[in-house]
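Alright, structures below, take your time with them.
In the two complexes below, chain A is the common chain; its partner is chain B in one and chain C in the other.
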Partner chain A sequence: MALVDGHRSRQVRISASVGKRTVLVAWAFIAPAFAFYATFVLVPIGMSLYYSLLRWDGIGKAQFKGLSNYLVVLSESDFLQILGNAFQLVVYFTIIPVAIGLGVASAIRNHLGGRFGATARTVLFIPQVIPLVAAGIAWSWMLASNGVVNQALSLIGLGSITRGWLGDFDFALPAVGLIGAWVLLGLCTMLLVTGIARIDPNLYEAAKIDGATAWDEFRWITLPGLRQEIGVCVTVTVIAALASFDIVYIATGGGPGLQTTVPGLEIYRLAFAHRQVGLASALAVVLMLLVIVCVLPIQWLTRQSK
Partner chain B sequence: MTAKRYIQASTIAITATVIATGVYAAPSCGTDPVVLNSYFETGFPLPTELSKEFTKQFPNVTFNIKEDLFQTLMENSPRVLAGDNPPDLIRLPSISDLVKDGLLKNLDDYATAFGWDKYPPAQLAQNRVADGGSPRGEGSLYAMGLNYSMTGIFYNKALAAKIGMTKPPETVAELEDLMAKAKAANIPPIIIWNKPVVGLTFPLQNLMGSYGDPGAVNDWIFQRKGANINTPTNLTAAQHLEQWIKSGYFQDDINSVDYATAMSRFIGGQGLFLFNGDWESGNFDKQMAGDVGFFLMPPATAGGKHAAMSAPLTYGIGANAKNADCAAFFLNWVATNDAARKIDVAVGGSNPGGPVDLPMPAVAPGSVTEQTLNAGTTIAKDNGAMDFIANATGAIYAEAWTPTLQKMVGGREDAATMLKDVQDEYVKELSR
Partner chain C sequence: MTEATGDRDRSRVLPVGALTARTILVGLMVVTLMPFVTMFSAALAPSGTYPPGLQWPANPQWQNFVDAFEAAHMDQLLLSSTIIALGVVPISVLIGTMAGFGIAKLAPKGSTVVYLLFVLGLTLPFEGIITPLYYEVKTFGILNTKLAIILPLIGLYMPFSVYWMRAHFVNVPDEMGEAASIDGASAWQQFWLVQVPIARPAILSLAILQFLWTWNQFLLPIVLVEVPLERTMAGALGAFQGQWGTNIPLLCAGALIIIAPTVVLFVIFQKQFVAALLQGAVKG
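Coming up: the complex of A and B.
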C-alpha cells in the first residue's frame, strides 16, 4: 500500500513538474508577441486613457481634469453630430459592399473556374489594392462640379441636378460613403467569392432537383453557407466606417460645415492642430468603446451560427 | 604690444564703439564655420533663395534646410522646438502657444542690438506676445517677418473692360454695383475657394475693415480682454457677404473648391474678382502678365480709410538654438541688406519692411507686384493693417470660421448666427 502510494505521489510530482515546464515554455513562446502587443497596443491604450483625464497641449504642463473631457465629448452637439456621421457611414461602408458582394458572388458562382471568373474577381478586387488616399483624390476629381460624374449626368439630360457633390450639404456624406463603398467592395467580394467556392455544389444540385428557385438557393444555401464570411465582412467594414479618416480627410476635409467630419478626423485635428491632447484622447477612447460595442454582437452572432 | 596694453587698447576700442553706436556691438556670425539648422515651408522658395545669397556674402555660414508643408509645420513645430536639436531658424505659423511653452527665443535683446526697435511699431506688433502667451500684439518680441504681405482684390482686366469698369471702385456700393453688372453679363463676379478651409474669411474681413474699426478686429485676433467679433459693424459686414452669396456673386460650388482650383479658375479667366494676397503677385506677373489689376478693398463711404489684412512672413529662433546670434544676424540682414531686399520683393512679392529710411527695391512698372507694394503705403497711411481673423486662436479657423461660413454658403446659417457661433467658440477655446 505504502509502495503504491509512493509511486502515485512520484507520478504526481513528475506530472506537476512537467506541467510547470509546459507553462514556462508556453510563456516563453507567448512572451515576444506579448511584449510587442503590450508595447504597441496595451501601453498606448493605457496612455490614451491617462491623457484623456488631462488638459494638456502635448508639450507644456498638464492639468488633471478628471472626467471633464468625456463630459465635453458626450454633451456638446458638435461632437454628437460627428459621432452620428460615423454611424451614417456604416450604412454606406457596410450594407452596400456586402449586398453587392453577395450578389456578385452568387452571380459568378457557376463560372468561378473559367477565365470570366478570374477576370471578374480581379476587376472587383482592384479598388482594394488602390491606396485610400489615391482613391480619395481620384473620386474628388470625379465628383467635382466639372468632373466625370456631372458630365455623365449632363449627357443623359440630368444637367439640372449637377453640383459640387462633395461641397453640398445634403450629398457630401453620401458621396463620401459611396467612395468608401467602392473601396470596400473589393474586399467583400473577394471574401464572399472565396467563401461561396467552399460550399458543397451537391447542395445546389439537390435543391435544383427539389425544384428550388434561384432565390431559394440564395436564401437557404448561400446565405447560411457564407455566414462566417459575412461576419468578417461586416466586422471589417463597420470598423472602417467608424474609424474612417483617409477618405474624408482627402475628399472633404470634414466639410461642408461638420457634415462629413468623423471622429478619426476630429481626433487628429484636436491632438495635432489644436493641441488639445486630453480632449482628443477622450474622443479616441469613446470611439474605441463604440467600435467594441458595435463589433462584439457581430462576432457573437457569427460564433452562434457555428 | 604687451598683453596689458592690448587689453587696455581693446577696452578703449570697445568703449568707443559703444559710445559711437549707442549700443554694444551687435551679435554676428563670426568667422568660424556655422551651420544654421533651418526649418522652412515647402512651396515657398524665398527663404532658400535668401540663404544662398547669405552664404555668398558670408561664406563661413551654410544652411541645413529641412522643409515641410504649412500644415505639417503647424503640427510639428512644438515638438521640433522641444527636441534635442531645435532649429536656429524656423517658419512659425503661430507663436502664442509656443511662447506659452517657452519654446521660442525672446528677441528683445537682439531688437535693441540691431535697432529693430526703431522700425515702425506696427511692423513688429504682430510678433509681440505678452508673458504667458496672450494677448498678442504687445510684450516681448518673439519673431521677425522676412517680409510683410498685403491683401486685397485682384481683377481680370479683360473681363473688367467688358462690364465697363474703367477704374477701381471707391466705395463698397460701387464694388457691389460692379459685381451686379458682371453677374448680369454672365461673368462669375468673384472667384474664391471654400474647402478644406474657407476663403470667405478674406471678403468677410475686408468688409469688416470697411464698415468698422480695424483696430477692434485686431484686438479680437490678439485675444485682448473682452474683445468680441459679434459687433454691430461686423454684423453689417457679414450681412453684406450673405447678400453676395444670395445674389450669386460666388459660384454655387465653392464649398467643393480648394485653393488650387480657385487659382486655376482665375488664371483661366473664369471670373472677374479674386480676394487674395500679394504672395500671388509674382505668379500673376508671370502667368497673366499685364492682364491683372489690383485694388484695396474700398471703404464704405467715398474718401474713407482703407483697411487690409497684412501679416509678417514669420520666422523665429528656437529657445535653445545653438546659433541664435547668427540666426538673429541673418534676420537683420534680410531686412537691411540691398541684395536681400531685392530677393525679398522679386521672389516673395511682398514688402521687405525694415527701417523706414531704406528705399523700396525697384519693380517692373505696371506690374501687379508694383500695385500690391503701393497698396502697402496706403494701408500704412490709413493705419489700416489687420492680422488675419483666421489666426485669432490655433483652432478658430478649422473649428469656427470654416464650418460656419460653409453653412452660410449652404443657406444653413445667417450672418447673425454665424458671428455668434464664432464668438462662442472663441470664448470656449480661450477658457480651455
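Coming up: the complex of A and C.
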C-alpha cells in the first residue's frame, strides 16, 4: 500500500514541482546557507585573487602588479623553503599516524570490545577535542630542554643528544611534525581500527588455512580492505599539514630562522605584520590551490573502486 | 556495532592476541596522555620556577590553578566562548540542514551547481581567505566584536554542513516526505514535522562538531578580535602564552583549565563525540 501511495504521490510532486511557487520555496531553503557562504567564503576568495595582483599596504593606494607576486612566491628561496616546510610536515603528519595506525589496527583486529576498548577509544580521541594551541603548549613543554622527552632520553643513556628540540635548527621542523603526528594519531588509529573490524573475519581464517604469513594477510586482505579508510586518513592529515598554523604559531613562531615557517603563518605575518597584502594573498591563493591539487588525486585513488 | 563484533570474536581468539592488543593500546594511551600528565606536574610546581618535566612536586601548589584562572580571566573567557558558540552553532546547523534538505529533496533546477560550489569549499584552508576576511569584516563595522568571529564562521562551516546534511537526506526514502505531502503539508511543514525529527542523529553530530571547531578556533579570533577577552578560549590562550610564556607552572595550569571544558563535555558525551568525529572525518 505504501508503495502505491508513494508512486502516486511522486507524480503529484513532480507535476507540482513545475509550479513556480514550489521552485521559489525550494530556493528559499537553500538561500540562507548560500548567502552566508557567498559573503564569507566566495567573495573573500575572489578578493584574495584580486589582492594577489596588487602591491598594497592595506591602507594607502594599491598598485596593480599583474602576476609579479606569484613570481616572487614561486621563485624566491624563502618562499620555496616555506612551501617545502609544508610538504615536509606532510611526511610527519601523514605517514607516522597512518603507519602506526595500520600497525595497531592489524595487531588488535577485533580486540577493541568491552570496557577496556571503550576506555582506549575515549583516551585516544582526547587530542581531537582539545584546541591545537593547547597541544602546542603541552608539547613545547614536553620538548623543552628539561622536558619529559629529554628526561626519558637521559634515562636510557642518551643524555648526550638532549637539547631544546623546538629551538634546534635541525630538529625544530621534525619536532613540530611530531606534535602534529600526536594530534592525528588517535583519529587515524580509531578510523583504521573501526575499518578493519568491518572486514569479513572469514577472509583471515581462509588465509590462515592457506598458510598465509602475517605480511600476506596485511598486504592482500587488510590493505585493500582499508583502502577507503586510508584515503580518509591521508586526506585529513595532508590538509592538516599543508594548512597548519596553530601548532607552529604557538610552538616555534616559525623559527629558528625560517626553519618551521609554514605558508599559513607566513600569510598571517605578511598581511598583518609586514603589511604586504598582495604578497600574502598570492601565497594564500597558492596554498588553496596546493591543497586541492594534493587532495583530489588522493580522493580519486581511494574512492574509485567503491 | 563494532563493539558487538569485537566481543563476539574475542571468545574464540587466543588470549595471547588479546594481551598483545592491550599492551599496544596501553602504550598508545600513555603516549596520548603524557603531555597532560607533564603539564599537570609542572602546574603544581612553585610559580615562576622551571621544574623538571615529570616529577611530583614536594609541595604541590594548587593555588597555581586559582592564580591562572584569575590571571587569564577564565570566567569572562568562558562566557565569551559560550556566546560565540551559541551565536554560531544553532544558526549554522539550521541553515545547513535547510539547504541540505533543499538540495537533496526539493532539488530545484540548478541546485546541483550550487551544491558543487559548496563542496568546493570543503578543503579550503582558512588562511587562504583570512586577509580579505579582515578587510570585509572591517567594512561591515564589526571588527573587534564577537560578530567578527560568529558571522564568518557560519559561512566557513556551510560547505561541511550542507555536504553532511545532504548526505543524510539523500538516504531518507522519498516515500517519507511524500506521505506528508499528500496530506497537503507544505515543504516547510514537511521539513519540520517529518524530516528534522528523522535527521536528529545527523543534526546532533553536526552540532557537536561545530561546537568543537568554534570553541577551538584560533586563527579567526587572533586576527579579527584584538581584545583577548572577547575571543574564544583557544584564541585567548595565544595571548596568555605571550604574557605568561616564561612562567611554566602558571602557563601549564592555564592551558589545563582552558582544555578542561571540552574534555569534560567529551567524557560526558563520548559516544556522540566519537561517532561524530569518526563520521565527520569520513564524510569531510
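The rule is short, and it goes like this: the second predicted complex is superposed on the first by the 269 of 306 C-alpha atoms of A that agree within 3 Å, B and C clash if a C-alpha of one lies under 4 Å from a C-alpha of the other, contacts with A are read in each partner's own complex, and residues count from 1 in each chain.
Heads up, the rule we're going with is that a residue touches a chain if its C-beta (ideal position, glycine included) is under 8 Å from a C-beta of that chain, and two chains touch if they have at least 3 such contacts.
Keep in mind it's a predicted model, so treat the numbers as computed, not measured.
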Which superposed partner A:G167 touches (first chain B, second chain C, both, neither): first
Touching partner for A:A26 - first (chain B), second (chain C), both, neither: second
Superposition-derived comparison: chain B or chain C, residues of chain A touched: C
Which of chain B and chain C A:F272 touches, first, second, both or neither: both
Touched partner set for A:G58, first chain B, second chain C, both or neither: both
Partner chain in contact with A:D210 - chain B first, chain C second, else both or neither: neither
Partner chain in contact with A:I126 - chain B first, chain C second, else both or neither: second
First, second, both or neither for A:L287, with chain B first and chain C second: second
Contacts of A:A144 with chain B and chain C, given as first, second, both or neither: both
Footprint overlap on chain A, where chain B in one structure and chain C in the other make contact: 58, 144, 272
Footprint of chain A on chain B - complex, ascending: 71, 74-75, 78-79, 82, 97, 100-103, 194-197, 251-257, 261, 394-395, 398-399, 402-404, 406-407, 409-410, 412, 432
Residues of chain A defined as touching chain C within the complex: 2-3, 5-6, 8-10, 12-13, 17, 22-23, 25-30, 32-34, 36-45, 47-48, 51, 58, 104, 107-108, 110-114, 116-135, 137-139, 141-142, 144, 146-151, 182, 185-187, 189-191, 194, 197-198, 201, 229, 232-233, 236, 239, 242-243, 245-246, 249-250, 263-264, 267-268, 271-272, 277, 280-281, 284-285, 287-288, 291-292, 295
Of chain C, residues touching chain A in the complex: 2-7, 9-10, 13, 17-18, 20-22, 24-25, 28-29, 31-36, 38-39, 42, 50-54, 95-96, 98-99, 101-103, 106-109, 111, 114, 117-118, 121, 123-136, 151-152, 154-156, 158-159, 161-162, 174-175, 178-179, 181-182, 186-188, 191, 212, 215-216, 218-219, 223, 233-234, 237-238, 241, 248, 251-252, 255, 258-259, 262-263, 265-267, 270, 273-274, 277-278, 281-282, 284
In the complex, chain A residues that touch chain B: 55, 57-60, 140, 143-145, 163-169, 252-258, 269, 272-276, 279
